[in-house]
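Each chain carries a letter (A, B, C, D, E, F, G and H) given by its place in the written order, and its residues are counted from 1.
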Amino acid sequence: MFTEAYTVIPKGTFRDIVTSFLPFWEQTRLWVIARPLSGFAETFSQYIMEVQPGGGSSRAELDPTAEGVLFVVGGEITVSLDGKSHILTEGGYAFLPPASGWTLRNQGSTTARFHWIRKAYEAVEGLEKPDPIFLNEKDVPPTPMPDTNGAWATTRFVDPNDLRHDMHVTIVTFEPGGVIPFAETHVMEHGLYVLEGKAVYRLNQDWVEVEAGDFMWLRAFCPQACYAGGPGKFRYLLYKDVNRHMKLSRL
Amino acid sequence: MFTEAYTVIPKGTFRDIVTSFLPFWEQTRLWVIARPLSGFAETFSQYIMEVQPGGGSSRAELDPTAEGVLFVVGGEITVSLDGKSHILTEGGYAFLPPASGWTLRNQGSTTARFHWIRKAYEAVEGLEKPDPIFLNEKDVPPTPMPDTNGAWATTRFVDPNDLRHDMHVTIVTFEPGGVIPFAETHVMEHGLYVLEGKAVYRLNQDWVEVEAGDFMWLRAFCPQACYAGGPGKFRYLLYKDVNRHMKLSRL
Amino acid sequence: MFTEAYTVIPKGTFRDIVTSFLPFWEQTRLWVIARPLSGFAETFSQYIMEVQPGGGSSRAELDPTAEGVLFVVGGEITVSLDGKSHILTEGGYAFLPPASGWTLRNQGSTTARFHWIRKAYEAVEGLEKPDPIFLNEKDVPPTPMPDTNGAWATTRFVDPNDLRHDMHVTIVTFEPGGVIPFAETHVMEHGLYVLEGKAVYRLNQDWVEVEAGDFMWLRAFCPQACYAGGPGKFRYLLYKDVNRHMKLSRL
Amino acid sequence: MFTEAYTVIPKGTFRDIVTSFLPFWEQTRLWVIARPLSGFAETFSQYIMEVQPGGGSSRAELDPTAEGVLFVVGGEITVSLDGKSHILTEGGYAFLPPASGWTLRNQGSTTARFHWIRKAYEAVEGLEKPDPIFLNEKDVPPTPMPDTNGAWATTRFVDPNDLRHDMHVTIVTFEPGGVIPFAETHVMEHGLYVLEGKAVYRLNQDWVEVEAGDFMWLRAFCPQACYAGGPGKFRYLLYKDVNRHMKLSRL
Amino acid sequence: MFTEAYTVIPKGTFRDIVTSFLPFWEQTRLWVIARPLSGFAETFSQYIMEVQPGGGSSRAELDPTAEGVLFVVGGEITVSLDGKSHILTEGGYAFLPPASGWTLRNQGSTTARFHWIRKAYEAVEGLEKPDPIFLNEKDVPPTPMPDTNGAWATTRFVDPNDLRHDMHVTIVTFEPGGVIPFAETHVMEHGLYVLEGKAVYRLNQDWVEVEAGDFMWLRAFCPQACYAGGPGKFRYLLYKDVNRHMKLSRL
Amino acid sequence: MFTEAYTVIPKGTFRDIVTSFLPFWEQTRLWVIARPLSGFAETFSQYIMEVQPGGGSSRAELDPTAEGVLFVVGGEITVSLDGKSHILTEGGYAFLPPASGWTLRNQGSTTARFHWIRKAYEAVEGLEKPDPIFLNEKDVPPTPMPDTNGAWATTRFVDPNDLRHDMHVTIVTFEPGGVIPFAETHVMEHGLYVLEGKAVYRLNQDWVEVEAGDFMWLRAFCPQACYAGGPGKFRYLLYKDVNRHMKLSRL
Amino acid sequence: MFTEAYTVIPKGTFRDIVTSFLPFWEQTRLWVIARPLSGFAETFSQYIMEVQPGGGSSRAELDPTAEGVLFVVGGEITVSLDGKSHILTEGGYAFLPPASGWTLRNQGSTTARFHWIRKAYEAVEGLEKPDPIFLNEKDVPPTPMPDTNGAWATTRFVDPNDLRHDMHVTIVTFEPGGVIPFAETHVMEHGLYVLEGKAVYRLNQDWVEVEAGDFMWLRAFCPQACYAGGPGKFRYLLYKDVNRHMKLSRL
Amino acid sequence: MFTEAYTVIPKGTFRDIVTSFLPFWEQTRLWVIARPLSGFAETFSQYIMEVQPGGGSSRAELDPTAEGVLFVVGGEITVSLDGKSHILTEGGYAFLPPASGWTLRNQGSTTARFHWIRKAYEAVEGLEKPDPIFLNEKDVPPTPMPDTNGAWATTRFVDPNDLRHDMHVTIVTFEPGGVIPFAETHVMEHGLYVLEGKAVYRLNQDWVEVEAGDFMWLRAFCPQACYAGGPGKFRYLLYKDVNRHMKLSRL
């Protein structure tokens, strides 16, 4: 479903016949679920990567301005950077600064699946480039939203006060019956990949039923709200762009 | 909101300036929230009655074919029938057979508010007219829906196997995150008055956010589904017509 | 504009080529702006009558169950009933009970224009038929709506406590900037003929700009709201059905 | 295309597989293009009849309240009534009063095609039933609409001042570029069968391109307008109901 | 999905919680998938019956004007009429004239499932009531539509020339890639229950994907077309009303 | 609500959870309510700034081509420029030329809230850069629109004849019942922040009810109109781009 | 009316309050009716200029890549170029190559009104820049479209075989009833200013009624068709871009 | 039909009056059916070329970054490159690398018609430019899609493992009843020109009937599905962009 303010890609479409391939990635295929589109979301691209054992890339990122976030949903990957290797398993998260020359290899015995979110880093004179980060969501306690009794919480991998970062990738978790109680409208663009559970999600003027495996993609200022259904939690991986002035010189 | 398959009347519209009055009802005003409309729901009428202390009626029902259900949401009413008086307080339910000559009086000291659902009783040769019923929802244990872990339950005032009845008025209760997991579509017409909580309710092709005090009114075959939001229960008073052949001779 | 919940007939359509004629009415033509339509408004019919000098009818109403209201917007008419004649000029109002055998003649020298609203009177055992009424709006002080500082007022020709009546025809007046502040939703059907000024009127889910000469016609339960524009007053002639139980036996 | 206010049946649908048959009509098939539908147009039915040589009916009309109009578009039919036979060829028109016992036979050598419009005659005490009429459009000069320079004209088969009639079937003709310059809105229901040419026709809020062989069917109060395209005339057969009070007792 | 011209009930909705019950039917539940609705399809009702072994009814039809068609989709039923018993297995068809006093019993060992289509028989003076019919679709060779190479065929249980019948229930079969090549528009109402396969079906202005178990329900004059997908046949049970004049006296 | 021609951000969405942060701004958070979006409004960005006592920035604007307007809605700010300090309180307005190196500090004791509108200044050879401006709306008499009796007026902070400016930020005021009487359509982009009162505002083909705290954002050529409701004034802060040729070289 | 494929600006919006001003133009105001919008029409800008006697500009065009077309609709202008002056009266047309340094003055005694269409000239290596052109439509015989009997004709100011030009501004004329008989869809962008008469114009999926003074603006590939109404001609000024390869390097 | 996610250009619009011309192409006209549009498909342009005998071009491609694919649908063309000539007849395919200086001439005796698809080649450091390819579809066996029994197959002119290529132009073939069984959604943009047969094609949320000669044009992420109708095959020429990272630096 493609609209002027949001797009929904249901899990049923992630089949063999719509995969893509990338130069210098071996034994790898991917689904591109977001890319900068003029007149829509313009700040990021998101891939679901599928790397076979032994596969990976020594020239993973070709764009020197691109920062990246990886989030593992299955199998195991080894990411190398500045001479150090980091093994990421399910729930593993990596922040990769621009021009860092990272490489990736599946040294496990099963297919590895992970999200790769890419953004052109927007440097600000007087701020340094952020450092690499390697974490696992298991090790990061979620922050409850105020006044929600813990029915709505956010797992943050980056310190919100660290303004060197211009994007946040977090995990949002709702308990059954948890709600976003008003139509949140803001300048941040969003990619939301549902990791678990189901909900009715409001996007602009519509309500859409989503479940684990679905992807929602929102333009800046697209209103959103949510009712999480049970019996289990409703969780999604969330991208947003933050901490920068709005660019002006577009004409 | 009035559509070809459903109507939603939000609580905000139940104000002083849109009340109605009825002959032979003293110190009483009402909001008519459903009435048979050709080309829409055609089987029942529903009033929200507001009777001041001392008010009521000795000629409550003027139509000899009409059966009625009362459900009290505030204050106290005394219903008399066949020489007996029944006091109904909050949660009180009465089934009043056609041509039963019942009367009603508010003998309490506060305003009484109750729902009155009226239907032309559809007699079947070989079945007797049903008996009067006086109950309170507190005394009726809800029946959980199968496979929902109790997240969805129905309070039934009438035995479902008693086919003398041609309408059911029940109370439906969802726990936070409880869902109607598919677009239920059936021949029964519905009136749904939300007693408590909030939810996103699917009506035909739309999703509508509803909360305590709202009324939904559904034509036969209008699809419906639901996601109940927390933090408390989501409960509504439900009308449906049942247990009869479809009438044919309409041309 | 014809929709499932309301119809708007703009003044521009009241031209010569769409007039109607009636048996036993001489030198008379009319525009039928409402009639009972199954699946829409079903309780009343409304005509804009145009009678030339000398014209009129001695068999004005052919249906013995029909009550009528006349409201004069131009010229002068003489209505006779029970042996008495009543001259009505601009702003003149008449209530004509069913089977009253009234006659009408334009004895003036200019074309007379008046609204004629017809309804099948719904008798109730124990209530008498209402009496004829002849008034002029100039002689009836408008009743201000509470909490509106007089920005919204209603001219009532019938005592609201007189439950013999089953229809009210009133004049509603807004000062500039007067509003109906919420989406009024109720069981009464409406015909609204704009007598003066302009406004944006909400009908169901739409907002429509209307001005003097336009007619709005609303099904039961069609939500409505209003913002009156200046510089003068915004006034309309309003029909609604009142004071009766809902009819049940429609199947 | 079926909407709440109008229906368009394009000529492409009049094929063999959607024909109907009638009792007591020999060697005859028909397309029913209008019938009373509750909640839509309710006053008339229209058939396109196709009678083979030798075919026809001695029990043509089974409903004793039904008046009829025939209009021939191909071949030749012989209509008998009151002991007289009338041969109708292309452009032939017949008005057949209710309960007149007419019969019809194709005594020609080619297939006969004609429209048959049926309506329940609405008798008025004090008015006689209208007489039969047999005419051909060739013999009836069209009446130009005022202020149109003859770009819009109507062929009338019935005297507009004869209020015994409660329906008019006419032929409307536009020259290239002829227009209905405003959204005509009135109480009359319409059937419009395009006999010749093409136009863009406004129906309610839509504009629809129509051409010879298409049928438009309008509910009461459906707005309409028209732009006739060239190079030839744009002509249609038009039904409307006229000259009666609106019926009230529908509840 | 409920629209002004058609309704689609997907198979997913035929679950336990939306069943109905009928007086005098033992061990039986049903889904009502069509009933006369004013302002929609008005001629027939259709049930999917589910009778347990030993169940059935001795007072099957309570309406003396109702004719019926049964079509078995699973298990076995025994229908008795005029002293004779008929066993119907999968594909079995029965036509039951009005007032015929038929009874039904599941004498098999598994649940029986069958369609029951009911219509008020429209008698015509001079035509006799039709006789009962008991057939199985296996014994009725389908009639191919002309010019379709057999890609579209109809199984007819009633002789099309027998005008005593006022309804036809047939089975329509498409081979993969078979199409209804234009938007068929006609006066007949339709119920279409998909027995096998899948297709994209055009209903009014929309295209809808349907598959075995879905039900489509069409108002008179609702346009329809079809593209049948493979790999197997696409088949549905079709109701239509036929062979009668249009009723006029609706006002 | 996000549409192709306009966006409405209701006041209810300005909550804690959707704030942004900026580098080099201390004790400050903001809501970005407009930014250049390709394929939408492209000329300006608008922030609602919230600065705590002691907060502010010495590197307020990082883009050397950006001009700015500040408008204070609560508290007090001190803006320094060219060695001079200007204290702005409620109603205070500042125009800040590009590359002017201004700084801002909240030296008051309460939270300061102000709008900050940013635009890339479009220099024209032969025109000088405009000078800084510091004003308060209290000191600027509104200019009534012609022929509106003062029901519609504009507070202008910049001389309309000074073509050095390429943006105007003004305050528009309507008395109750004041109207924009036609659908104004023009090339200027708009941001409208409602300061006071309520109205129904037409945006493209829709009418939207707005009140104090809501923000409307319009693409070039988006039609607009307005009906102001009472009882008080309806006022908004308005951005538009002016006085320049249209840029051509976009391909 | 602003849509994703076209925009209509009705004449009623060209009022005093929505005018623009340009640097170095004296006694001049203008309405900008088209400008390159990303994601819409991107190739041209169109102004309606209004120059008072004595007004005009010595720095008319500031963009050295811009070519221009002028078309006079009222009064008289003097355009100077390469040392020569050209007086243009109603119907006057000028093509002004890029970087030609033209000037304009109203030396007449009444207000001059003219269209100014601007485009960035797309040079092609091997083709020369086109020469200036000064003409009046009175001196250019229209070219009839084939097979239209002259009901549709085009006045061409530029030789269609001269591929140096990358835009055509022409006048299109329809006789009453003239039609564009199919939904023309092509890559050329359009501005259409109605000079005379009225029509129903199809734009994408809609039909819109337009008349003299209205402006239509079409994105590339927006389908269009037309029915011209009488009694006079329907004429418009038409812009389109032509004769170049499509630009590719947009990412 | 132009929508935010797809465009359909029906064959009926490819008429004489909407042709384009190109510099340096003799005796040639063309229809531009796709071009990069900001906010829509942005990667390619597609022409239908029509070259008369003797016509063609020695400066065929003016953009040095453009690669091209030709596909012949009628007549014969001679393409020269690197000193070699290749004759292409119906079904002929050519891949022309960027900056290859190819020329084209129609040396046949009939009009030649071919598709020309142009894209800016996206070079990757470390990958060579692809080589020219000249083939005919007759010589390329189609690859069946898995699990479709050959009902869906693709003719590939380029090795899918050759990542030098950044676009694929293929021929897709469906047997009658062949389906795309889910709503395929992916990042690749598409041009689909129907070569043969007919189908109902889903585009975003709509289903559209298409046949030989129609062109569909899809934005990235526009969902699609298909039901192929018989009696023959349904075939189309398909463009998609492949094998590259998503570009990021768009702000």
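By our rule, a residue touches a chain if its C-beta (ideal position, glycine included) is under 8 Å from a C-beta of that chain, and two chains touch if they have at least 3 such contacts.
Small disclaimer: the values here were computed from a predicted structure and weren't measured.
Pick the pair from C-E, A-B or B-E whose contact list overlaps the D-E contact list by over half.
Answer for the repeat of D-E: B-E.
Could you let me know which interface, A-B or C-E, is made of more C-beta pairs in contact?
Spelling it out, more C-beta pairs touch across A-B than across the other pair.
Starting from the mean Cα coordinates of chain C and chain F, work out the distance between those two points in Å.
Going by mean C-alpha positions, chain C sits 47 Å from chain F.
Based only on mean CA positions, could you tell me how far chain B sits from chain G in angstrom?
Centres of chain B and chain G (C-alpha means) sit 65 Å apart.
If you average the Cα atoms of chain A and of chain H to get two centres, how far apart are those centres in Å?
34
Would you mind listing the residues of chain H that make contact with two or more other chains?
4, 38-39, 42, 247
Which residues of chain A touch chain H once you look at their complex with the stated criterion?
Interface residues on chain A, with respect to chain H: 1-4, 7, 9-10, 12-13, 15-18, 20-24, 31-33, 35-40, 42-45, 59, 62-63, 65-66, 118-120, 122, 247.
For the complex, which residues does chain B have touching chain D?
4, 38-39
What residues on chain B touch chain E, complex-wise?
Touch residues, chain B against chain E: 4-5, 38-39, 42, 124-127, 145-146, 163, 182-188, 204-205, 219-223, 242-251.
Using the touch definition up top, name the residues of chain C that touch chain F in the complex.
149, 151, 175-179, 198-200, 202, 206-207, 227-231
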